[in-house]
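All remarks here apply to the structure that follows.
Labels run A, B, C and D following the written order; every chain starts at residue 1.
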Amino acid sequence: MAKKKLNIGIIGGGFMGRTHSNAFRQAPEFFALDYQPVLKTVCTRSAEGAAKFAANWGFESSESDWRKVIERKDIDLIDIATPNDTHETIAVAAAQAGKMVMCEKPLGRNAAEAERMVAAVEAAKVPNMVWYNYRRVPAVTLAKKLIDEGRLGKIFHYRAKFLQDWTISADVPQGGTGTWRLDASVAGSGVTGDLLAHCIDTALWLNGGIETVTGATETFVKQRKHATTGQVADVKIDDASMFLSRFKNGSLGMFEATRYARGHKALYTLEINGEKASIFWDLHDLHRLQWFDHGDEGRLRGWRSIHITDGDHPYMSHWWVPGLQIGYEHTFVHQAADFIEGLSKGQAAAPTFRDALATEYVTDAVLKSAASKQWEVVKG
Amino acid sequence: MAKKKLNIGIIGGGFMGRTHSNAFRQAPEFFALDYQPVLKTVCTRSAEGAAKFAANWGFESSESDWRKVIERKDIDLIDIATPNDTHETIAVAAAQAGKMVMCEKPLGRNAAEAERMVAAVEAAKVPNMVWYNYRRVPAVTLAKKLIDEGRLGKIFHYRAKFLQDWTISADVPQGGTGTWRLDASVAGSGVTGDLLAHCIDTALWLNGGIETVTGATETFVKQRKHATTGQVADVKIDDASMFLSRFKNGSLGMFEATRYARGHKALYTLEINGEKASIFWDLHDLHRLQWFDHGDEGRLRGWRSIHITDGDHPYMSHWWVPGLQIGYEHTFVHQAADFIEGLSKGQAAAPTFRDALATEYVTDAVLKSAASKQWEVVKG
Amino acid sequence: MAKKKLNIGIIGGGFMGRTHSNAFRQAPEFFALDYQPVLKTVCTRSAEGAAKFAANWGFESSESDWRKVIERKDIDLIDIATPNDTHETIAVAAAQAGKMVMCEKPLGRNAAEAERMVAAVEAAKVPNMVWYNYRRVPAVTLAKKLIDEGRLGKIFHYRAKFLQDWTISADVPQGGTGTWRLDASVAGSGVTGDLLAHCIDTALWLNGGIETVTGATETFVKQRKHATTGQVADVKIDDASMFLSRFKNGSLGMFEATRYARGHKALYTLEINGEKASIFWDLHDLHRLQWFDHGDEGRLRGWRSIHITDGDHPYMSHWWVPGLQIGYEHTFVHQAADFIEGLSKGQAAAPTFRDALATEYVTDAVLKSAASKQWEVVKG
Amino acid sequence: MAKKKLNIGIIGGGFMGRTHSNAFRQAPEFFALDYQPVLKTVCTRSAEGAAKFAANWGFESSESDWRKVIERKDIDLIDIATPNDTHETIAVAAAQAGKMVMCEKPLGRNAAEAERMVAAVEAAKVPNMVWYNYRRVPAVTLAKKLIDEGRLGKIFHYRAKFLQDWTISADVPQGGTGTWRLDASVAGSGVTGDLLAHCIDTALWLNGGIETVTGATETFVKQRKHATTGQVADVKIDDASMFLSRFKNGSLGMFEATRYARGHKALYTLEINGEKASIFWDLHDLHRLQWFDHGDEGRLRGWRSIHITDGDHPYMSHWWVPGLQIGYEHTFVHQAADFIEGLSKGQAAAPTFRDALATEYVTDAVLKSAASKQWEVVKG
């Protein structure tokens, strides 16, 4: 019997355009899905670039004006993989046109934008989701299960950091392709929205809401040439951002993100200390979960390095055999599969736009605290 | 301009059928190739299974008689992903029909079979390759470069082992789907041909020829039920196999494979100690290379854990961005891409059938030594 | 030629009494010192306990009143290894009696006490030192050298934490032997003075002064039985303490200490990210230093795990041979040796009382900030 | 009540003289022993050197003729810490004089010497022990307990290697102080007796007897200058040695030692794979034990890194507090303490001379096999 089709239009052909395209291509090979995702069209600003991208990834067509994609009747799902300053406009238009909407993180440049995006998809009652992909690293998904089962007991501490080192050189420009993340007008913020947002999304999912924060940010390189204008201009993003927090469940949080941690490319780490057990995970070895169980026999207690490649680990029965690891891109495949399964079940897969808005409230509070030098209450 | 097509027929729809299918699907998305691989047909013993596999992976058709695949005019490449006892017959027939041939490892059940396979492809002058995929783990490829550049200096020691634990239970049957590797008539040998062969292929590539070996094998569980007959029968494969060796370059080798190493799923490790530097790699963290350079300043010498995810690491510029790891299946994608690039260049990519024959000479010598309890000279 | 003698009276016979006694016994065996330390007397509240301790460790005598030790003419050095609430009184009396003074950390229960202690030893012009022993872990000492040589370049980030898990159970009492650290009247504070103080001392040494902090503390278990009175009473110490900071050199700091991190016994970790290189160290593998050097060839960059056991590593030429690690107690031996070498050179070894006072200013600011919920300026 | 005294004469003032002296000094501080070890005298070839050593370590006297030490009435225990070629003569003479004898490993240069040493101590019925110190690394002792308790079940594999890199340079001389281990006439053999012997002693203790072996040795640098004669001479020791073995319990063994493994200073590693559990340990992190328990819940199975610093770990209640590691020298302290406790109990602590003879039978068989190129049966 022929599967139903899910006709997809992807807006954006950069790094995230690639990961999303791959996700929709791979998902039906490895997961039994009711819908067959169809790569109908991809849209980038350059018609030539769009055509090339489409040819490479097997899209049926290409576009250079995203509004045309939204107007197309043959598109079910608009998937936004563009820089942050365009998320709101595209998402709202897509929702109003009755399309399903998926959006690369962060949802908006700030909570105000994100709120309008939530309002739009909820008014339109369209399925919606944000690509906070790290929830679907099998090790992280397993952590979620363990916490929900009560295996950690009462939680005392949550720690997360996301460390990179790619902007240490003062020669890295701001603005332009590949470096728009350094341009505050495009990105909204620096590492707070780009990296901390990942840490926060996972934290809210694993450990519940954050009540208050006190934070600080720093811009180590004060001026950079702008890639498009060629002018040296003040850098307005945060190069580094850190905050202390109190969760609703009484636990303490420490969060940090930076692009000035020499030696770390994309080291997202998280650790949770509970009364009965603790968990540690890091993105540089994403296929492992560190687990300490106080219930183990005393003399044999130790941190276990669990190689998350077995059939009884989340998602892993869909891949290879025990011992054979998967990588970064698979988290997007899992998310695409879960989105589609959600359609079949009539039950939205998380994180929805509303879920992602909660992260924006935290990042806004962190930036506000960095400016006010006060503890700030997180909205919501 | 339309690409040339490479029309592929895959024989076998098990675990390796999946990895090969994925490889040919993914290669052109990530590598700029002159040929577009086309999944023309897949063949498994069950017509129904073949159809289902074809539908899942996007093959244009399916077959249940491999001879028909070879007869088809629209097939350029026969890719063998069946159990070992069928490799020779299929490969020889394919070569005689003028098809390119790729074959899952080990090439044959023994060197005699492998020699006939080499003879067939060389007589037919058809491109041919064996899926010793671990050569194309980026970390292993980098190791090869470093050795070839002389960065290790004279080599003293080579160590490799491949440890699994999936047959410890006496309840695992021999024969049948998924467990044919325990049936000597199908597999040829046990871990020697299955796991040690990987270690040997890499070793010959990195460290050159092996002259002599002394080995020992063991079958811990002496009898097992046969999955197809239901009869309890003597187990004739080796559960564990180990050997000492002398390489042509004067270095010493230690090799071991087993399916009785509790706690290890697929732990292929290799270490090379040279005069100037040493290398360590393991499959459970395949995205890392351990590197010790004696040329470093004395007080700061130490083993470096290199996260092989940067653009200047082999193959990695084709994937994501620094810090984001790839996994097991990518080694097959690399091999598919290299095979196709070889076609473009008119230069066969290694390992060819002849390269793989050298591994068979070593495994034969190991098994001979295990029986003779003597050092044996490796042929070739 | 007979060595000069350094006659020592140790006050306190608990855990720290043992480490100090061992340090003075071992130092002259492994270091060529001008002074021979002589264990003249040990003093504990119980005469019987003191006698037993003295017999075990080879002290010539024992006392149960510390004032008598100070009065003794045959004592050159008073070494304080008692709970925090007695440090000031003993140290001031010793200094006024013209004795050299060594004191277990933290110097006082707060900066006010510590200031009076500094005033006393400086007025008396007696050699003085505080047992912040982790400066003399060879790996940490090497880190200091590397920083001072400019090998890290400009520093961006400093992170330290000290994680324990021994007070999670509500059954652990406060007060009394072994648990006085939970009694605020004796300890002054909880983990801030006990654990964070170590992190801060090392940080000030490695990375210079801290200007401002914002912190938070938590007491997870609100009431505990008091070991001496038997009464259940409010717990007034901090179970966990964390703060953000800005260093004078422009770098950002994150610090945390807790006794509620399940799975960690004494995990003091520190990481420093500089423009050119980064360093990581942890107490659970104190004989290793992790080093990342951006100056390494690009494709071979990685974190090095340096096994700090070679003759060209700080202190290590005094011990065994390469590859053979030392442990915790050796840091005290190094400190005892350095104190004595300081006497020979007429140059006080750090950290002096004044150096340790700087740490008290930070811990006071952290506790003040935790109460005020404001950023606080660090005195000094 | 005054303790009984154990009057000790140590023969040898090199590296091992230091470790033994320290062991006897430290043991009574940390262990409650019935006997007080007394460092009566130390003997080295140079009277001046002996006097200096005695002064440093607190010996009451010094000697330069070991026969005089044996003649002394005030000596109870002769402890041999000299090069291998003197072990037999000194030990036999000491036993014949009725002294207790402790001897640095290996017992003799070969089994013939060792047999005569065993005969001597057994004829004299004197307490005797060999310093195979690695049995008393707490992690290794714990491994022994776990095996004896049946926690691993049936054993399939035993692997051990001892890797060093200090003789790679052809400029390292043979013979003389510090390099006598390269002179076959003094050392007996190369790494086989020096390093493999450690691996074998532990293996026999943990896994029982070895029946047969096949081995190979290599001398990479064929000629070296002799440190005492100044003449370039053939090197007769083995630089590297490796062997396969079959244990009496049916398990397979792989052993290797070398001084040509660049990057490893003293990397003794061992791994044991059993039906139910596996163990890994290495000397470069001697305070950890890696433990995999198949009895753990499936999805949470993983190798545990046990930080062996708790009170319920062997020997550790005598040292510091949880989380604080000990080092290399402590293994000797434990052995000294156990020897003395054995005296109190009238029960010899292992390994006795007879226990150590079993190791010599294996090393002899390995060297014989390396020459014969045959499997050899291990005597005993």
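Simple rule for what comes next: contacts are C-beta pairs under 8 Å (C-beta built on N, C-alpha and C of every residue); 3 or more make two chains touch, one makes a residue touch a chain.
These are the chains along with the protein names UniProt gives them: A, B, C, D = Gfo/Idh/MocA family oxidoreductase.
Computed from a prediction, not measured in an experiment: that's the story for all the values here.
By residue number, over half of the touching pairs seen at A-D are also found at B-C, the match among A-C, B-D or B-C. Among the pairs C-D and B-C, the greater number of C-beta contacts is found at C-D. Remark: subunit B and subunit D have CA centroids separated by 42 Å (rounded to whole angstrom).
Centre-to-centre separation between subunit C and subunit D, using Cα means, comes to 36 Å. Taking each chain's centre as the average of its CA atoms, subunit B and subunit C sit 55 Å apart. Looking at subunit D, residues 264, 301, 303, 307, 310 sit in touch with two or more other chains. Chain contact summary for the complex, subunit D toward subunit A: residues 142, 289, 291, 293, 296, 298-307, 310, 312-313. Chain contact summary for the complex, subunit B toward subunit D: residues 156-157, 159, 163, 165, 168, 214-216, 218, 220, 240, 242-244, 246, 250, 252, 254, 256, 258, 260-264, 273-278, 292, 294, 301, 303, 373-375. Those residues of subunit D whose C-beta lies close enough to touch subunit C in the complex are 15, 19, 22, 25, 28-29, 56-58, 164, 166, 264-267, 283-287, 307, 309-310, 319-330.
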